[in-house]
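Dumping the structure here so I can ask a few things about it.
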Amino acid sequence: MSDADATIQSMADASPAKWHLAHTTWFFETFLLRDHLAGYTRFDERWPFLFNSYYEAEGARHARAARGLLSRPSLDEVLAWRAHVDAAMAPLLARPDLAPLIELGIQHEQQHQELLLTDIQHALWNNPLGPAYVGFGTATAREETARGWIEHPGGIARIGHEGEGFAFDNEGPSHRALIEPFALADHLVTNRDWDAFIADGGYRTAALWLSDGWSWVQREGVTAPLYWREGESFTLAGWRQRDPEAPVTHISYYEADAFAAWAGMRLPTEFEWEVIGQGHDASAGNQLDQAGAVRPHGSAGLFGDVWQWTRSAYLPYPRFRPAEGAVGEYNGKFMSGQFVLRGASCATPRGHSRASYRNFFYPHQRWQFTGLRLAKDL
Amino acid sequence: MSDADATIQSMADASPAKWHLAHTTWFFETFLLRDHLAGYTRFDERWPFLFNSYYEAEGARHARAARGLLSRPSLDEVLAWRAHVDAAMAPLLARPDLAPLIELGIQHEQQHQELLLTDIQHALWNNPLGPAYVGFGTATAREETARGWIEHPGGIARIGHEGEGFAFDNEGPSHRALIEPFALADHLVTNRDWDAFIADGGYRTAALWLSDGWSWVQREGVTAPLYWREGESFTLAGWRQRDPEAPVTHISYYEADAFAAWAGMRLPTEFEWEVIGQGHDASAGNQLDQAGAVRPHGSAGLFGDVWQWTRSAYLPYPRFRPAEGAVGEYNGKFMSGQFVLRGASCATPRGHSRASYRNFFYPHQRWQFTGLRLAKDL
Amino acid sequence: MSDADATIQSMADASPAKWHLAHTTWFFETFLLRDHLAGYTRFDERWPFLFNSYYEAEGARHARAARGLLSRPSLDEVLAWRAHVDAAMAPLLARPDLAPLIELGIQHEQQHQELLLTDIQHALWNNPLGPAYVGFGTATAREETARGWIEHPGGIARIGHEGEGFAFDNEGPSHRALIEPFALADHLVTNRDWDAFIADGGYRTAALWLSDGWSWVQREGVTAPLYWREGESFTLAGWRQRDPEAPVTHISYYEADAFAAWAGMRLPTEFEWEVIGQGHDASAGNQLDQAGAVRPHGSAGLFGDVWQWTRSAYLPYPRFRPAEGAVGEYNGKFMSGQFVLRGASCATPRGHSRASYRNFFYPHQRWQFTGLRLAKDL
Amino acid sequence: MSDADATIQSMADASPAKWHLAHTTWFFETFLLRDHLAGYTRFDERWPFLFNSYYEAEGARHARAARGLLSRPSLDEVLAWRAHVDAAMAPLLARPDLAPLIELGIQHEQQHQELLLTDIQHALWNNPLGPAYVGFGTATAREETARGWIEHPGGIARIGHEGEGFAFDNEGPSHRALIEPFALADHLVTNRDWDAFIADGGYRTAALWLSDGWSWVQREGVTAPLYWREGESFTLAGWRQRDPEAPVTHISYYEADAFAAWAGMRLPTEFEWEVIGQGHDASAGNQLDQAGAVRPHGSAGLFGDVWQWTRSAYLPYPRFRPAEGAVGEYNGKFMSGQFVLRGASCATPRGHSRASYRNFFYPHQRWQFTGLRLAKDL
């Protein structure tokens, strides 16, 4: 990736690759070095203004939509900053009181690793030359597999993170939820399924769509998932033939919901997903470290390949309270207007996956590796 | 109200008064007379295009934002249409098979009665002359009343409409919900409370706000509820001195949520509100037929004065299915991006109120009589 | 025209009929009664804010795009204001010192008479019912007439208003202009001509268009003059069959220029038009007082039917100085970005026509009765 | 300049530096190599789509506003293309029939050299770090010089390019123009003058402004020339102290016109400027090759430092006809809505300057080195 590749920004939702690198560095420099390392001075006093994302408590910041104009600092300068911060962090790594904050910094960086990939994919897609970010081989042709349902009898379930490992604040507090009998598909919806939806007029049938979704389809002229053209999709390896058996991806909540309506099913709630997910191996499936990853190819289990839209709005759990201070802005303030996705995608760092993890996006957004898994009432 | 008053439209969210009258007439003419009265011919074949609101199954329709350009048909012509439809309905009123549809038509019309009032208020507010729609006397000065909490021990509650009376499809199916111990305020937040929030810098303190809310405040330059200027508010009777003891109204979800955060409390969920509401008289309180109504003045009980924002996103209840045909578009297709409000307002026809009723608006909208009632965990 | 008809506004460029009436009344009340009639008090102190158009020297004013929300004052109230002002004007009519200002007020009102007609036409066109403002009979079918050119040998011409009669400030000072030999068509371009332009792909041929014009065509999806649909056009009498021999109207400068390019000709300059116009009877032709007027039908002479786009930008004449005070804002401040039109239209009050008259609009505007007359070099 | 610097685009009006390089290369490859070198094959078949600017005859092209997303081809690849094209051009350089087209390619490239500088200045200004593109020393402090007027008695002048040297098509045909007696200032308006305009409330006095200009001032919140902050301006060498004696630059036509009104003068017409310019040395003054250039510093003569707004709209000269084919799109199609500037700026290649040269921009644009020279009637 060149300095120029790392600088461009294709929409306000996405950030330049260089910006992601700088922002995660800023996070460590600010919340650890500045706040906890006596005598530390900023690498460059002017850069926090540029690389604070949305922390109001950290003051004014550069406009999000203008991140793509920052040809300076250069990629090399940002890498030097990162090396400087890495070195400065050494004395703090052994301090037990800082372990939670360091863990947060690492988890934060893992989230940005995924965003970096989806953002650069979007930027390269905007280039008529369709350049590749990585190479990967041809997907192995696979046969359509048997498809079944995972049934659940309902009852009172335990929801949210418990125990020792790391979790974000929005995964708690752990609490009870009442579940009605339901079944969750043991497979993701595939490109082949989606072709059938299109062939049946899915994008032209108002009755299948939420009102906001139908407006979006009309306004944007949507006729297929993002990155589709004829038999191809744009991937991190450039334009590639679409695999009919691979999970469909780059769809909005509106599309997921319309597809479910067309199929006579529905999306699961996030609680339904979680109670099933608790019984699955979160480290299985096609995730970021797998060979040939960063494209979905249809792995078993609930995790990997694509984030799965649920019909649950992203809202606080009972008795949720954000943390004090700037890091309290991490999750809580986004709890309006978005929907929860569960699972993990082909671009998710594996350690980042767990049953209680709550990803969230606006219903029209689809540049992430988003897909769906159907549910039905029993 | 003149023909001109009934014609203007001040924003895409609102409709002209004449349009409301015509649209409710269209509803009866279409779903009852056309579909169920043999030999009925439309009063004017060209008008359905103008007065269909959002029923995709009923075909193309006039653009919502352009409703204010329809100086024709005139108010007199629409009133003649209405008289014609009323007369034509006579033979259908006795048919038991049509009773549910007629009931829906009436309930639909009651909803539009409320919208007509909030929409004309918005239109008149846009006129620098600040004309009045109705007259009402000076509010009686009242003392600040004692304030308490209604406690609930939690448990599994029954939610949604049951029994004989009318309800919209989105109020069902009746189902169980798990409630944690909580308390709901026995009073609405007042103008006096809101003045304190403003005086304490509420609109300038980012930490109190949802991220989307803060963007909205910044973008729109919001510093007070809608219709406020200095010590006055704009009402259906024109500009009036604000009563500090009256419930605050014309606030967005963002404002309600920020106020709750400032007060160290939270908004109730719609289920919490409903379990308390089940024990209250829905026909009590300041509603449309009360003398001096169409402004909140602080009545007892849960119903009346203002619709109360809950922290629940507007989503389908378990096993919800919209009705077949065009009337299935009534509620279900709006289930994304909006929040539920409960109660009833000073502009709500009294028969229209019940504990299971789910009103819903986008979080930035505030031209309805919207307010809030606090909740807290126990 | 009903109160509602007189209240609606279909775009920011246009104003409600009631507003035109009120604004011309405001002009007399402000610049004559307030300034020159001792003891005069405003009919309503709050109305100048509403009905000042663009006179910065007269202070703040209502937003132009919101004029259509003014259901109050009602049409009756504005008519009463007008009667009051007319009566109050009586003692001023005999004062010689005020004659120029009164003349300006009358000429100003005549301009608004024309705008009122073109604005209500636009508003009614926005109504899917296509209501008529006036009735007029079927146009007499006419044969295609012989077409010729009016030649001019070039030289130094006298341009601008001279002599006794009224003229706007922008028509002077009278000055010399150098003209090269040219010819001006003795006829207007007709609907039949325009059909040929369309049939030949005029709207799809980039090479014919100015760059801004081509962007406008692409952005707005323009494929015909405003108000055309199949064989009909929308007129003040509603949708009517188009007469092939009538002058084409409701075209933008961009369209006029593209047509001229397609025809291998060009538009005249305003000076070329004026030197020819000086030899024609300005009171001839199809103008507002003619029976069956307010649609072009192809009269002889240079005046009437349609305003004719020239290729001259609207700029000050040499030594032009705007008048002192608010009325100095009448014309001079609009001298950027617009093009001059000459002649008069079927909606122009006859006394308002003269060879030196400079009408002006932005190159994309076409809701006036705008057309074209070709020119060529000799 | 890094690959990233050369890739970014700060607004649709400006282009990335790399794009300028590629576009001028495309011009030679297309109109010379492709059209006139037998057997030439494109360096890359996909690039013309990216680097055609606005030539409709050359087919579809990349959206102007998306040029900043082209991280590929890289700067190195574009430089390799350029070297390839330079080499391929060798056999064509000796062909007399191609000399006019080669000259056009060179002149075209010189225009883009100037745009490259003004565009990168704009991009770097958008970076809160304010990086420098070049270094230059501190300007020598200078005393306010005597100021006079160049008088002209009026008469019939010869306007437009004549003779042997190169000129763009819009500089002809040579023709006569009638000039009234006038005087042109022998000096440019300076920063000191502009400070006086600001101090006198120039940006707050509606009466000084064209209507469109006043709207622009209000809408954009304009209070000073582009690139000003307190005592500094942003230059190609970063933020620098402003020299009061240097010519003011980065002003719009609206500002130039308002200043002239404030000063009781006016802007010259382009013809007035040209008749005076004919008597001056076009190769004098501060232009691109001068040491310490790319900022205005106040040179003598009419050329150099800043382009000077005239009050002439950019329109065709009498008998003007664009060239056949794609190169005919060079100038003619922009002849609406823009104003002519005369002279040359500190970023203009010296050979590119001549009395007949017509530069043109929209009246709100000011990222070029634009300034003004006053005129008055005699």
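When the chains are written out, they are named A, B, C and D in that same order, and each has its own residue count from 1.
Everything below uses one rule, namely that a residue touches a chain if its C-beta (ideal position, glycine included) is under 8 Å from a C-beta of that chain, and two chains touch if they have at least 3 such contacts.
Everything numeric here is computed off the predicted structure, so don't read it as measured data.
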item	value
Target subunit D, source subunit B, minimum contact steps	2
Furthest chain, CA centroid comparison against subunit D	B
Cα-centroid distance, subunit C relative to subunit D, in whole angstrom	36
Chain centre separation (subunit A, subunit C; CA means) in Å	57
Where subunit B and subunit C are represented by their mean Cα positions, the distance between them in whole Å	46
Junction residues of subunit D - those touching two or more other chains	none
Subunit B contact footprint on subunit A (complex, rising order)	54, 56-57, 156, 175-178, 180, 206-207, 209-214, 253-254, 257, 311-313, 315-316, 318-319, 328-329, 333-337, 339, 363, 377
List of subunit D residues in touch with subunit A within their complex	2-8, 10, 46, 49-50, 62, 66, 68-75, 123-124, 126-129, 131
